Each structure stands twice: as C-alpha cells, then as structure tokens.
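Below: one structure in structure tokens.
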C-alpha cells in the first residue's frame, strides 16, 4: 500500500470538506446568484466584484486576511467567540469558512449564468398561470437551471479539493482536522518523501481530469427554452 | 362597472407614452389593433400585472385589480388571467400534459371551469399529451399554449399576437380554434394584433391604438366603417357583419343571411346549406361596393341593398372617394371614383342602392 | 592572418564578458526562513563592503532542496539544518569542501502577550492554552527541535491535541503573532534583536533539551565560478557577520 493512514485520513478529510463546502455554497450561492442575475440595483457591480475576488486573489491573501479576521483580535473571531463557537482558526469549521469564501465564485457564477439564460419569459408565463414567485422558483427556475447547478456543484467541489493556500494559512496542519490532501502532498515534498507525494499527486491529477471530463461531456446535451 | 373591462393606464416609455382610458365589453373578443410600438402589448402586460404603469386603474367585471390612486396592485399570479404569448413559451422541462396542468393544479378544484379533456378537444391536442414541447410544430405548440391558459380558468383571456410567429398555413390551422373559443366560451378575450384580417375575423370590439393613444374604440362593424380613421383608407378597408342564417336555395346553392337590426336586408352568398339560426361572419370590402340610383336587376350582381348616404370623404387616392352608408342600421363602406360621386350627385341623406360584387365569408 | 576577423570578434566578446563579471557579481542565495532578518542586515554590509549584489529567496529548507535538485538557479544555500546540505554534498550538488556551519539556532517558546510565558517555561505544563504553534517537524529543524523539547519534558501526550503546525518557522511565528495560537516554538532570531526579546514574552529554551540546530551553508554547483558566491561565504565566516548573527540570538 503506497498510501499510509495519514494519507487516507487526508483524503477522507478532503472529501468531507469539499462536500460540506459545496452544500453550503449551493444554499448560500443560489440566492446570491439569483439576485445578481435579476437585480438592476447599483449594488450589482460591487457585490459581483466581491464574489469574484477569489478568482483573481492569491489564496494566500484570502488566507492571511482570514487568519487575522478569524483570530482573537479580528472582528470575525470576536463574533465567533461571542457566539460561543470559540476561535475557528485551526479547526475544520475554519477550513469550511475559508473554503466557502475561496470557492464562492465557482458556484455563484455558473448559477448566475444559468439563471440569466432562463430570461424573463418563463417567470411571466408561470405568474400568469397562478404560480407565486417562490412556486415559480422551485418548479420552473430550479429545473431549468439544473445544468447550472450540476456545473456549480462540480466546480465548487473540485476547486475546494484543489485548495491549498487558504488551508495552509489557517489550517495548522492538524491530522484529521485540517490536513487535507494538498497540504499532505506539500508535506511529503518538504520531507523529501517523494514516492508518497507522487501517489497522492497522481490521484489528485486523475481526479481533476475525471471531474473536468464529466463536466465537458455533460455539456453537450443541454436543454434550451423553446 | 359590472360587465365590462375598465383600464386607465399611463406609462412613460423611452420611445412613447402610453395614455389610454379603455372601456371594453365584459364578453366577446376585443382587439387592440395598431402598428408595432403603438402600445398594444404594454396595455396587455399592464392588464396581466406583468408591468406596472405609473398610474393605473384596472377593473374587470366589477373586480378591481389595480388602483394606483390607493396604491393597490394585485400581483400577477393573483389575477385570474390567461395569457397567450406570441411564442408559445411552453416550459421545456415539462411534457405537454404537465404544461397544460401547470395552471390547472394551482387553482382550487371548485374554481376549475375547464377540464383537461375539454381543453384538448377544443384545441385538438389530445394526441400530443405525452410529447415534449421541443417536438411540437409551431402551430401545435401555440394551441397547447392557448389550452394551458384556458385551463387556469381565467376570468380574462389575454392574447398577444398569438399568430404572428406562425406562417400562413399554421395561422389558418389555428384561426378556427380561436373562433371556437369565441363561440363556446364565456370568457372575455383581449386580443392584440397588427393583422387586419385576423381582427376582422375575430373581434367584436375594436380599439385602434396609435402612438400610445386609443384613437378609436367601438363595435367592430361601426369602427371599421368610420371614415375618420386610417382603417378606412387601406386597400383591404371594409366592414364585417354577423349574418343570421335564415334560408338556403338548394337548387342554386345560395345561403340567405339576415343582417342585424329590425329592418335589415338580406345578403345572399354562394355557400352550401348551413344550420338555420346560426350566425356567420362576412366581410364586405369597400372596393367591392358600387352605388346606383335605381335597383337595376338586370345584372349579374347578387346583392343589391337599399342604403342611405351618411357621409363621404376624399380617399388617399385623389381619384376616389370613400362613402359611408347605412344599410338598415348596419354600416357599409364603399370606395367609388370621384367622377361617379359627381354623376350621382352624392350627398348625405341620399337614398341609393349598393351593389355588392362579392361577399367574403370569414371562417 | 585569415582568421583575424574571427579572432577580433572573439576578443571583443571575451572582454565584454570580463567587463561584465568584474563590474559587479550577483549571487543568488536560498535562505532558510528563520535567517531572514539576519541575512538582510548582513546583505547591506556585504554589498557595501564588496560591491557584489545579493539576491535572496526565503523559504523552507525541504522546499529548497526539491528546487535545487530540479535545477533552481541558486548559487549559495543557507539551510536551516545540517542534514540537507550533507545530503546535497553526497549527491554532488555542491562545490566540494564548501559546507560549513554558519549559525547554531536557538529555540524559544514565545507568546505575543506580555507576561504570558515565564522565564522557565512553566506555562507549558499548566496546560491553560488552546493552541501551541510549532514548525512542521518533518520539514523544519526548529519543528523537530520543538518536538524533542516536548519529549524531554514529557509533554508529548498532553500537548497532542493542541499542536498546530506552520509549514515553516515563519508560519509558526505568524500563528503566534496574530494571536491565533497563544504560544509557540519559534526561532529566537525571529523575536530577538540586540540582546533582548523585542515583543511579547519568551523562554529561551536551553540547548540541552534538543539536538543542536546546526545551520549549514554550501556553495552549490551553479555558483562554482561566481566570485560573489565565494565572497559571500567568506564574508559569513568573518567577524562582521558573526556579530550580526549573534545579535539575533544564534550561537556560532
């Protein structure tokens, strides 16, 4: 077995982190994407830009600010302490918070595009057929935006799996809590354990390729609005 | 006001300002007719609540849907309207059946006035239920769209150029279904169109919109005959009648139609036997009507009606004049040469005979 | 005589190269993260005194090893340990005989809070903290030394759930300086200037509690013909550099 218990622990932790992050992002990102796709408010630009920031910022910048903000002197850290959550730096919760921010654009943008592509008409049709806005959202918008949700989930999951800089900055490299695969690979390289690094890195490469393959293959049959 | 549709709307747009005060009959088909950009669609969208006018008062058969003076606005999904869009706009993720049932499911069972079977029969779509919208032809899709709107048991049906996106044969495929709606349903229908033939065929009441203003509103027969409107100038200008079937000559295969009104004359048209007592809509074009001082029976002309001149006006072509006539309470339009008008000594109140070269049966 | 034009060109080229090298040599140095502050101070003097230019990259020793093995353009390597330079020597990656110990690191238990760490490190045993920051012991010698200290004090079990690892000694320091970890094992050089701790509170860990943290330097094969590389190594051995190194809390 080329992978030891700590490698497997890191893989399991990574899967757990990516799944939870994706789930939270779908719940959080859907209303944000919907708002961005529909609003005519002047806030659309600024909010869109903030959501897209992780696309261009080095993860270390996000990690560094999170380290400070979530720390005992930061406003987020003081908030979590006031809420009785204690400090979330060096914890799985902290990684989830970091990953949600880090992967946000990868979920929000496909959703926003999917919502935008639906256009005004189906919503109007539904309204004239007695569907309330919420009813319309559940029974018309969500099914029509399904390809967007699939893309968003895959990208959100895969991008979280590939996360490194943020985890490095706020994780503390704790086995089974914050030591994810990417950090584990880095560790192996640092410790000159190149064979283990190879196995993990190779697995990551194959995984990423399969994810993208799935995404591009699935894009062919998309339903349009007739 | 009970039994009518009231819509007072003011809405400023980039390219025009809509400012109308409409009073439409609470039953039958009212057509909003005008060029594109005249504000027809905006009117319809305001009625449905899809657009919010700066100032609006909307009352449908006694029920107020919107009154901006008191800040009242009923959300579109709470208005019992059926809306048929120019494109069928079926939900692509649902089968034809689920599309049809979409609105039907969302009203209380006690308020469902139309059943799926009825709607399918009315529009001839029973065989399409299991299909996906993407597999339907344009005409089929539009029929499903109409049936879907009907199945939400609306108290007002709105159609926004439902035939405009279809080619000639598809239009002819749907028109009979629309006529059946007219004949069989009690729901008032507001129909937006820029096609005069559709309007002549379907509408009972006609509103002419120009640049956001309603320049005319009245029963179809009268409005089409008004000389002050641009409608009378067109090549296709003419009037429509609802004729009551009162007799049939089997030997010559001629059908007798009585026009509305007590002293109304008969029209004879070449047509097979038809149910006695039913009504048929016919159109008489202005260019097919000639005028004579005496009833000259020695000609091939079939219809010769006693008429009285109401007024005359120059036509857009200087050689012609347009004449509005009264045929036993029914308005008739004639387009004759100015020379002929002078020869006849044409003047209001003059008694003449209108010779009708052809009568087009609509539908 | 026929070869004269070529000869001329070659001479011109050669003199150009000579000119260039004599002008000012530049030396590319990979520096262990803990030695960041001292090398910056030393570089200023070195550049002034010799006219050479020092270009430094800071990072983890293990990472530098991987980069050097894969053709990184470093000419001098100031490692955080002695084993990595020894390994490079075995693998013929360095100029033979160039390896020497330029500093011996001192480990400190440090907190950003005044008065939190006592002069004897008793705070460790009180167990009143949530996070103890150390450098990754697999990759960083200061991290390894930290685990040796905990072992010696029989605190390995007690601290197990509290240890957070920085990838290198800089990050271990960062966790403490931002207050996310109440205390941590850092390099004394990171918190020490001119004979005293610059901020917070610290316990300078007695060297008997861990293996000596020998930090070795080497001239890599890429720096074989660079006069500036040789000059830098000589400079590091000199009294001026030694004074600076000591002022940051290293032994020599």
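Each chain gets a letter, A, B and C, in the order it is written, and its residues are counted from 1.
Methods note: a residue touches a chain if its C-beta (ideal position, glycine included) is under 8 Å from a C-beta of that chain, and two chains touch if they have at least 3 such contacts.
Everything quoted here is computed from the prediction, not taken from an experiment.
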Select the category (line, ring, star, complete, other) that matches the graph of chains linked by touching.
line
Central chain, going by Cα centroids?
A
Any idea how many Å lie between the Cα centroids of chain B and chain C?
90
Take the average of all CA coordinates in chain A, do the same for chain C, and state the distance between these two points in whole angstrom.
37
Which whole number of Å gives the spacing of the CA centres of chain A and chain B?
56
Provide the list of chain B residues touching at least two other chains, using ranges where the numbers run on.
none
Chain B partner, complex, touching residues on chain A are 121-122, 124-133, 135-136, 139-140, 143-144, 146, 223-226
Where on chain C is chain A touching in the complex?
60, 62-63, 65-66, 130-131, 133, 136, 138-139, 163-167, 171, 174-175, 178-181
Contact residues on chain A for chain C in the complex?
67-68, 70-73, 86-87, 89-90, 168-170, 172-174, 183, 186-187, 189-192
Given the complex with chain A, which residues does chain B contribute to the contact?
48-50, 75-83, 85, 87-93, 102-103, 106-107, 133-134, 141, 148-149, 152, 158
